[in-house]
Every structure is written in C-alpha cells, then in structure tokens.
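Each of the two complexes below includes chain A, the first together with chain B, the second together with chain C.
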Partner chain A sequence: MSSMTHTEQLSVRSRRQIDGWRWTGRIFLAILLIFTVVPIAWMFITSLKTGFAAMQYPPQWWPAAPTLENYTRLLDTRDSVGQDFLRYFFNSMYVSVLTTILAILVAVPAAYAFSRFSFPGRTFLFFAVLMRNMFPAVVFLVPLFILMRVLGLVNTHGSLILTYLTFGLPLAIWLLKGFYDNIPIQLEQAARIDGATRFQAFFFIVMPLSTPGIIATAIYSFIGAWNEYIYAYTFLTRQDQMTLPVGIQRFFSENATDWPGLMAATFMMSVPVVVLFLVLQKYFVRALTEGAVKS
Partner chain B sequence: MAEVILNQVVKTYGSIYAVNHVSLTVADGEFVALVGPSGCGKTTTLNLIAGLIPMSGGDIYIGDKLVNDLDPKDRDIAMVFQNYALYPNKTVFKNLAFPLQMRKLSKDVIDSKVMAAAKVLDITHLLERKPRELSGGQQQRVALGRALVRDPRAFLMDEPLSNLDAKLRVQMRSELKRFHHELNATVVYVTHDQLEAVTMSDKMAVMDGGYLQQYDTPKNVFDHPRNTFVASFVGSPAMSLFPLEIIGAGTSVSLGSPEGWSFPLNELNSRKANASTGKKVILGARHSTITVHKTAHPGAVPGKVYTVEPTGDVTFAQVFVGDSIVVVSVEPQVMLRLDEPVWLEFDQDRMHLFDGQTQLALNPA
Partner chain C sequence: MTTSRYRESALAAMRRRTLLKYSVAAIVAAGWAGGFTSAMAQSVDLSKWSPEYIRSIAGTETFDTAGTCGKVVPNDYAGKVSYWYTGPFEADPVIAHEQDAAFWEAFKKTYPNIETDVQSITYNELLDKFRTSLLGNAAPMVIRLQILGGVEFAAKGYLEPLKPEDVGYTTADFWPGALKSVTWDGVGYGIPTNNETMGFIWNAKIFADAGLDPEKPPATWDDVVAYSKQIHDKLGISGYGLVAKQNAGNTPFRFMPTIWAYGGGALDEASENPTYEKAQLNSEGTKAALQAIYDMYVRDGSVPTSALTNTQAENQAPFIGGQLAMMIAHPAEYARMLDLASKATGADKEVADAVVENMRYGLIPEGPARRAVVFGGSNIHVVKAEYVEGGVVDEQAVKALICMWTSPEWSTKLAWVGSNPGNLGGFKTEWMKERLDTIKFLDVTTSMLPSGIPFPVLPYAPEIMNIIVPDMMQNVLTGTMTVDEAAEDAAAKVDALSSGGI
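So, the complex of A and B:
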C-alpha cells in the first residue's frame, strides 16, 4: 500500500464500492428470479404428472414417470377437452390480435397528432386520455357493461376488443407521443422539401424511427388483452366465445380439479407471451430506455 | 435557378408578428443573407419560402410562379437545416438518394447523380455509413449533398455552419461561396452572424423583431445603415452610438452633451441635424473613424479610458464619454492606461447621425 499514490488508493476504494453495489444488485436479482421462476417451474413440473402423482404428499419434485399426455389431450381435436381448449385459444388469439392491430392503428396517428399539431382542446384531450389510467379497471365494469348492452355488444368479441382498447390506448398514446416529441420536426420538413407528401414524410421517415415504440405498444396491448379475466368473464356468457383465462376455469370442477391438465393449459397459455417477448424484447427495452432515436 | 420574391409577407402566431410585412427580391443567381439576432424571424421567413408553414398574408413567387398554395415538394427548392436533419436510419447514400427517389427517377440515374454529388463534396468514402457515424463536418457535407443532388430552383440554408467549430466554419464559408459561384445558384442563407452575412452575401437582409430593417449590399449596409439597429448590428466591434443635443441652427450646428462640452458639425452634417424631428440626435461612429488624442484638441470631446484590449495588430479601447461607452482603436505602440483622460475626434465625413426619436438615419434637409 505504501507505494501506491493517493489517486490509486482512491480508485481501488471506488472500485470496491462499485463491486459492492454490483453484488447487492445481483443478490436482489436472484431473489426476484426465484420469485418468478419457481412458480413457473412448479407449473411445468406438475403439467408433466399424472393426476395421481400430482396429489401425492410429500410432493414429487420431479415426476417418477413424466408424461406429455396432458398436452396431447389439450391439442387433440377429437377429445372434448382439446376441442374446448383450442376454441378458447383461438378466441383469445382473435381478440388479442385484433386489439393489438386496432391499438396501433389508433395510437400511432393519435400520438402523432398530439405531438405535432396544436388544435383547440389539445391539452384537455390529452389529459382526458390519460385520466383513464387514474382509475382501477374494475371501476368501469358496470358502466361499460350497461354501455355494451345498449350497443348490443354483450356476448360479442367486439365488446372485449373495445374495452381492451380503452385500457391500452392511453399508455400507448402517451408512450408513442414521447417518441414523436423527440423526433426533430426538421426531419419531416426535410422530407417534404425532398419531394414527399406530408403522409409520405410520416410514413417513410418518422414512423420507422418510432418502430421500437410501436412494437412496445403492440406487446403491451397484446399481453393486456391476452391475460384479461374480469371483463371476459362478465361480457361473454356463451361457452363457445370464451377466452383462455375464463375457459381455463373449467378445469376446476366441483369434485376433483384436474391439476396437471390445468397446469398444462396455463403453461400453453403463457407460450405466446413468452415467445413474443423473447423475439421483440430488444425493441421493448429500447422503447423504455431510449424514448426515441436521437438525431 | 430562379428568382425568389417576397411581397408583404406576414406570419403571425396569435398576436405575435414573427414576420411583419417583409418584401424582398432575391435575383436569379444571387446569394442573399437573412441576418438578425435570435428570434427576429429568420427561420420563419425561410420556412415560409419553403412552404413548410402557412402564411398569414402576402405573396411569394419562385421564378415567375406564385407559390402561396404550393406544397414544399412542388416548390422545387432545396434546404439545408441547422441540425442537418439527416435521416438517421438511412445510410449516407440513401440520404442523398431520397429526394431523387421521391421524384421517381430511375435507379441508374439516381446512382449516377448521387455519385456525382458525393464526388463534388468528397464524401464518396462515407456513402455506406449512417449519419451518427459521421463527424459534424461530414454530416454538414452530406446535408449539403442532399441539397445539391438535384438541381433545385433555389437553395435555402438555415444557419448551416453554426454547429461547426470555428476553424471548419471559416473553411466551409469559403467552400459555400465557391459552390454558389460555380452553380450560379440562387441562395437564401440564414445566419445570426453578421460577419458571415457580410463576407458571403451579395446582398444582406437585416431583420429585427419580424421587420426587414434594411436590404442592400453588405458595403452599403455597412456604410449607410438605415437606422440605429442596423448600425449597431453590422460591424465588429459594433458602432458606438450616443445621444447628443442639437445646439444652434442653419449651416453651423453644434452637438452638445449633458456634461457641457460641444463640438461643431461640418456643413453636410449640420444639414442632416436640421432634418431631425426633435432636438435630440444619436451620433454613430465606428472605431476606425475616431482619432484618439492624449491632450485636449479643438473639436475633440473629452473621455476617460475604461478598458484596453490589445489584439496584436491593433489595440481596442472602451472610453467613457459622459454615460456612453465609445469603442476606439489605436496603433499597438500607443499605450493607453486605464482611467487616463483622452480626447476623441470624430471623422465628420464618416460619422452617422440618427434621429433621436425615430432612430432613422438622417438625410440632409
């Protein structure tokens, strides 16, 4: 130590501090990981068991005879359970994809307009859009149900899509507006001078720069719609229309719940979300950290 | 190339006049600098010419075509922006190609035009890079290239050099002049730097508060500023201005100060003073037209040295005359001490007189 200069000592100390923080961070992340991974792992393990093995006590940490039977049954179109599951899956997919597409179609122009144009009532409207997010979703359950009944939309997927849009759009518009605010207006001006129409300038120059935001919006809308339970449970009563979160309930029966079947269905339900996230996560992270592409 | 004509152009934002009844003609092939302090309406004027924002009033012609209602894309102009506005997700090549693609030229034509422009600007080796991988100077060249790649009827440039470092700025200044000369281009060039305007332009349009204050050659603007704003804005160090009182009348008028001294005007300046609306005039003098005496001198006014700035070639000094500061220059071998009393003699042939009320230059009555 004695041969070290003052600055070297300092840098050693600060490096130790940084290491210390890094370890605190790692431990924290590890705890978080356990919280999220253990239930998923248990769900997966249970889905590989037979009904009998699932009920054993003490539990089998790994099934003595793992089986894919629960999955094949869910995907079997000749089996009534499989028919139902695939129907729910298809319904969920239909509602979520349509919600996502509509959310983007509405949020992109809305966010752009809020960002670029000044019109009477702009501030109020933007505030009104965001105000939706100040209330918990259930607050709107009864009013929206009455509204849907008046509109004749009860027992249609349209009621869910409209509802999910009202819940997803505020954040989507707000997120995308942040992107457009950060894209210098001169880029569009340059494009218009270079021979583009207003729309072309938006489409060729501005929109590609907001791709991370659009993808984040898509993921957010999709997951919101895919996982939603209360509204799907309230607005739809016909069994053939049910979405996955509601449909999966049918695995709970009065006599004996089919735990492995339920777990297999739940696992299958999380597959689209996980895949979507894995494929697009780099955009999602960029959207949340960058806000926009700096010029 | 074509001429650009602004006729009584107005742009208001609410009750603010960003551009206030501006009329000016940029002749075909002329380099015109729009110059003025920040917020005076230069960018707004340029955007109006480009058609990027709607006008509140007036007419704009490009060539002999009235363009009031034309979209930017139909005005056939090119623009270089202060922040360059390069498309960040496109390569340099695609940046240059974009205006040509929008005009639906064939791929071969686009390729050859882009290569030609890139060669002129010496950016051929950068064509595959993205804008963020370029230095400021290189980005500037690409921005210029995107304007040069087609032959527009006029170039509009909004402070294109202000983001460059001082050395590069001076170099690009000469290069831009060279381009203008070779292309015989009509250029409207916005800058807040009066030196850039003076050195580069055929004509300069000095703006302040949305108004066009003066539109003339740099030499005429320098020699005959129309009002006190132009007088103090153009030239560095700025022209010194200070208010004085008219004493006497006819062909032998003197100017007096509140401190009690006065000096006689020659005949021409007397006649100018007579044209004043009131008793107050503002005297304007550039440092190069003021002689500094170390002892009392007939016709010279007393002052006190406030600061001294030797620059090597010439020494500048600020001198308090009454309450006003006057900038003077002396040969480097002349030693001036702080607080030293000096007497300033104004060159009557090169001094300026402005009306104390209207601030306008006085013409002989």
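So, the complex of A and C:
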C-alpha cells in the first residue's frame, strides 16, 4: 500500500466513497421496494385463502390450500356477488373514462390558451383555476352536495363526473401549460408560414409534441376518478350506481369481514390502473424522446 | 343588545323545551321499562324468562303471515315501496343470505302488485347515507336502523309516528325495552324488528392449558381480570378480547356491560326509572370498570395491545387462531365461525373443527351491581313524505312491508343467526325451535335479554356512546389521564352535551 501514489490513494478512497453511497442507495431502494411490494403481495396471497385460513394466527405466509374461488365468485355473473362487483366495476370504468375524456377535451385548449394567448386577467385566471386545488377536498363536500341536489344530480354518475372534473381540471391545465410553454413557438410560426391555419398548426404540430403531457394528464385524471371515495360515498346511495371504492364496503359486516373476498376485489380493482400505466408508459417515453429530438 | 337578549331568551326557552321533552321521554321510557311490563299482558310471560322457558314455548303456535297482513293491507293492493336496510353481505353466513332472499320471494308472493325498490347498505354506511339522503330529499319510504339511530331522526322531525297497532299487531307483542328505544317525546316512531343481546365465549382448551376449569366461565368481571392475567402469564397469549377503538359502535357494546355491572353508567340508563339528566361516567361504578380495563391493558398486559384500534372483527382472528381466550360475542360471530369451519379445506379443516369444538359460550359475567348487556337490535321506521324521493309515501305499501317484516314468522327468520325476533310471537314459532336446535349459542344470548339495558333514548346518544365513552377508555389505556381524570372529563362532556354544549 505504501507504494501507492497520493493520486492512486485518492482514487481508491473516492471509489470506496462511491461504492458506499451506491450500497446505501441500494439498501434504501430495497427498503422502499419492500414497503411497496409486500402489501401488494400480501393482498394477493390473502385473496388465495379461504375465510378460515385468512384468520389464522400466526398467519399462513402461503395458503395451505390455495383457491381461486374468491376470483371466480367475483367474475361469476350468476352469483349476486359477481353481479354486483361487475356492476361496480363497470360504473367505475364509465365514470373514470368519461372524466378523463372530458378533462382532456377541456384542459388541452384551455392550457394552450393560457400558454399562447395574451389576454387581460390571464395570470389571475390561471391562479384562480389553481386555487381550487389548494383546499382539502372535504371542504367542498357539503356545498357540492347542495349544488348537485339543486341540479337534481344526486344519485347519478353525472354528479361524480362533474365533481371529478372540478378537481382534475386545474392540475391538468397546469400540467399541460408547462408542456406547451416548452414547445418552441417557432414550430407553429413555420407551419403558419407554410399555409397552415392556427388550428392546423395546433392540431398537427403542437398536439403530437404534447402527447407525453396529454398522456400524463389522462393517467392522472383516470387514477383520480378511479380511486375516489368520499364524493362517491356521499353522492350515491343506490347500489346500482355505486363505484368500486364504495362498493367494496360490502365485504365488511357489523361483526365480521370477508378478508379474502375483499383482497380479491381490491386486487382486481388495481388491475386496470396498472394495465393502463404499463400500456401508456411506452407511448409516454416514446413521445418524450420524439419531442426531445424535434426540439 | 336587543338581538342578543332575544337570542339568550330564545336559547333559554329552547333549553326549557328540550328539558321538557327529555322529561316526557324519560317518563314514557320509565313506563315502558317498568310499569308496562307488569300492567300489560305480553305475548309471552317475561317473568318466566329462562332458557328452559324459551325452549318450552318454541314451536307451540303457528302463524299465517299472509293472512294476518292481508287483513291490514289487501293482498291484491297495487303500489310501490322503497326500503333501505342492512342486509346480509359477503362476510355473513350463507343462511342469512338464504333467509333474506326467501323474505323477498315471500313478499312478492303475498303482495304481487307491490313494486319494491330495495337498497341493502352496509352497517357502517347506513346512518351516514340516510342523513345525506334526508338533506337531498332522496330518502326511502321505509328504513330499518340500528337501535340507536331512530331517536336522532325522530327528534329532528324526519320520521312519521308508527306503532305496532298501525300494522296489525299490539304493543304487547313487543319487548318493552325495545319499544322504549323507538319512543321520542311520548310518541312511537318505529317498530322493533329484532332484539339483540350478546354472550361470552371462551376457548376451553386455553382455559385448561392455563390451569382454569375449561367448562366454567368467569363469573364476575373481577374474575375476567384475574383469568386474563393467569392465561397471559402462563401461556403468553391474550386473555380477554378488549375492544377500545374510537368512534366505533362495537366499543360501547363491549364496554358498557362492564360499566353497568360495576354500578356505573353513561347517564342513569341502568336505573329502574331513568331521567337521563346527569352524567354517571364519573361514578364509582364507572371508575371501577375503567380500573378493570386499566389493570388488564396496562398493569398486566393481558389483552391484545391492538385493543386501542380493534373492533370486534379484529378479535376473531386471534380467537380462531388460539391466541385469545375469551371475549364478549354476538350470536352471528358463532354462526360465522361455524360457516368458516364448514368451508375450510385441507389441513385447515382439522384446525377449524378443533376451534369450534373448543368454543364454549355462557352468560356475560356479572359485577357488584348486576349482570348487564346492551339491549341492542334494530327498528323499522317510516320517513315523512317531504324527505322521500319523489315526495310521496305509499302508506298501504309501506304498511304491507312492515307487517310482513315484523311478523312472528319473518322477524324470527330474518334474525336467524344474529338476534332475537322483535315480535315476541316469534319465540313461539317452529322456526324459533329450529334455531334453538341448530344454533347452540342462541339460548345463552336469548337468556341475556332480561339483563339488557338500552342505551339512553336521546338524540345525542351516538355521540356519548361512540365518541365520549371510547375516548374515555383511550385516555386511561394510553396513560393520557388517570382513571379519575378520564372519568371526570367524560362526565363533563356528557353534561355539556346534555345542556346543549359541545
């Protein structure tokens, strides 16, 4: 060791420091991974148990007799549990998809306008839109309920779609405005010089470049609507209107809980969100890359 | 100044009116609880109430439900009724689902021209959803609420007066304590559908392993403390299944029996003639009960550490797993365990059968003052038309539904695994006999009925029972306050609530 030069000694020390940080990072990530994966894994394992096995103490880390009965029951249209679950699933999908579509339809032109046009009160309006998201959702619960009652929308999916839009739009507009701000205006000007109208320049030049933003916004809107509980719980009382987060309450009774059924329902509830993210993630990354090249 | 003086005077008048209302309610309640029992001839002889008597009257009479209700509302009546209740859900035993389905089939057969719009809403959601729907004028015509629920809505003017005579029965057909729970300001606002009391279950094997008599439950609450310690010290598992979750209906149902047994109370609901005027949470009896749970949780560590966040449902797993020896339990929990055992497969089956085999059930322990249990259950109510969706209540269709639901036949069948029939005639039916033969735990909980004490019949009773009492427990168990401080604090909150504060 004594034959090592000062520079070599520094290099070794530096490498050790890097390795130390790298291992600290790995351990930190491993802990994070455990916190993320273990609950999901436990949820899945419990969904494969019978009611009795789920209540064993100490718990069975893997069921002695795994069963898919909890899943088949949820998907069985002849069983009342399956009928209800699928109805809630469809309701959630309907509300979430419609909320997402409407949010994109409104947020895209609104964000573009905030980004490109100069008009009196633009800054004030932009922050006024954002102001909505600076208060906890529960603050608006009673006023919105009264509003829905006056509009005759209580016990309709319209009440949820409208409400989710009021929450989703501000952030959607804010997110998309950021994307439009980063797209060079010269691209649109070039298109205009080549004869495109403002709408054509927006539709054929700006829209494709803002795809990552639109996809990110769509994912955000969909997940927000898919998981929402408190408004759905308040606005809907009819079983046939309920969405999944409220509907899965039926696994809780006064004196007992059907844990395997609940876990199976929760696992299935997470599937569309995971699939959506996995599918759109590809486009999301590709669009990001394409945007970078064009810039 | 004028406005302020007016406001003060109005407030004073309002408090006087409130006090008057409570006094009337208390007098009527006292009547139900005491005088009426002896003065009125009940359908069954409540003075003879015992497991033997219950068995002796079961199956002695038959009832023609369709015929009886047909006299109240003709069977060919055409109309519509909307109804909310907590029906069976996924965690409930299969037989509860079957009985529920059978009722709706029978109703359709009896009243083929009455259209039904039925919503089954979970226990934890029903009250909130009902409150919301009343604000939105979207309530159902008929609702079945847990025993504590009705008075709140009657006091706020949401419910129509309703008594057994309105649907073809008599007051004598129902348990006096249950009728007390639907009476507000001297007027009845509902009919009891089921009367619920609990029992005490223990694991005989754990008792034997800990050196206790496996066939003998603790006779007193002091015994529960001692047994719990012995079990924990010898076996390292939890003795008693304490439940102390805040804002949970389960908690007062499990702790008030201890308070009453030691001679305490929230108000004076355990007394012969309750007036509900002064808080009793700072009484010596309540403090003794608090001391008992303090001893188990803090001093001995003999109850689950998760008791602070546990509802009864969380105690089932350690009980089934042999990690918890004894607890207050609902008849439905026994049925649930049988159900789980029947569905267990493979190696689990043997364990499940052993658990059921070792399960014993007995009366809830007594205390220096009495043996007590919460007189629970549910009542059926009619909502005023202005709060109902569409603004109309079809009175005949409503009566038809209530007559069927509260009949001896269906009040027995619909309470199959969980309760006692609201209509006392149900105890005489063949179905009661069948229940007694198949649900072993039932005769114990039914025998607890005379020890049943209803929660105070006050609109703010849920606040006392679900918030103040659990908070008091938590203050003691977490060491935030001493027993005396927690009791005084809770009593002050109840008194403030009674005088219109908080």
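Observations on the structure shown:
Everything below uses one rule, namely that the second predicted complex is superposed on the first by the 265 of 295 C-alpha atoms of A that agree within 3 Å, B and C clash if a C-alpha of one lies under 4 Å from a C-alpha of the other, contacts with A are read in each partner's own complex, and residues count from 1 in each chain.
Quick note on the criterion: a contact is a pair of C-beta atoms (placed from the backbone, for glycine too) under 8 Å apart; a residue touches a chain by one contact, two chains touch by 3 or more.
Because the structure is a prediction, the values reported are computed rather than measured.
Within the superposed three-chain model, A:T77 lies out of touch with both chain B and chain C [touch as defined at top].
Put chain B and chain C next to each other and count what each touches on chain A; the higher total goes to C. In the superposition on chain A, contact of A:P184 is made with chain B only, not with chain C.
Of the two partner chains placed by the overlay, only chain C lies in contact with A:T67; chain B stays clear of it.
In the superposed model, A:D194 makes contact with chain B only, not with chain C. When the two complexes are overlaid on their common chain A, residue A:T36 makes contact with neither chain B nor chain C. Only residues 84, 86, 88-92, 97, 119-125, 128-129, 132-133, 135-138, 249, 312-313, 316-318, 320-323, 330, 332-333, 336, 339-341, 343-348, 351-352, 418 of chain C touch chain A when the two sit together in their complex. Within the complex formed with chain A, the chain B residues making contact are 47, 50, 52, 71-73, 75, 77-79, 81-83, 85-89, 98-99, 102-103, 131, 146. For chain A in complex with chain B, the residues that touch the partner chain are 184, 186-187, 189-198, 200, 204-205, 208-209, 293-295. In the complex of the two chains, the chain A residues touching chain C come out as 50-58, 64-65, 67, 80-81, 145-146, 148-149, 154-155, 233-234, 237-239, 249-258, 261-262.
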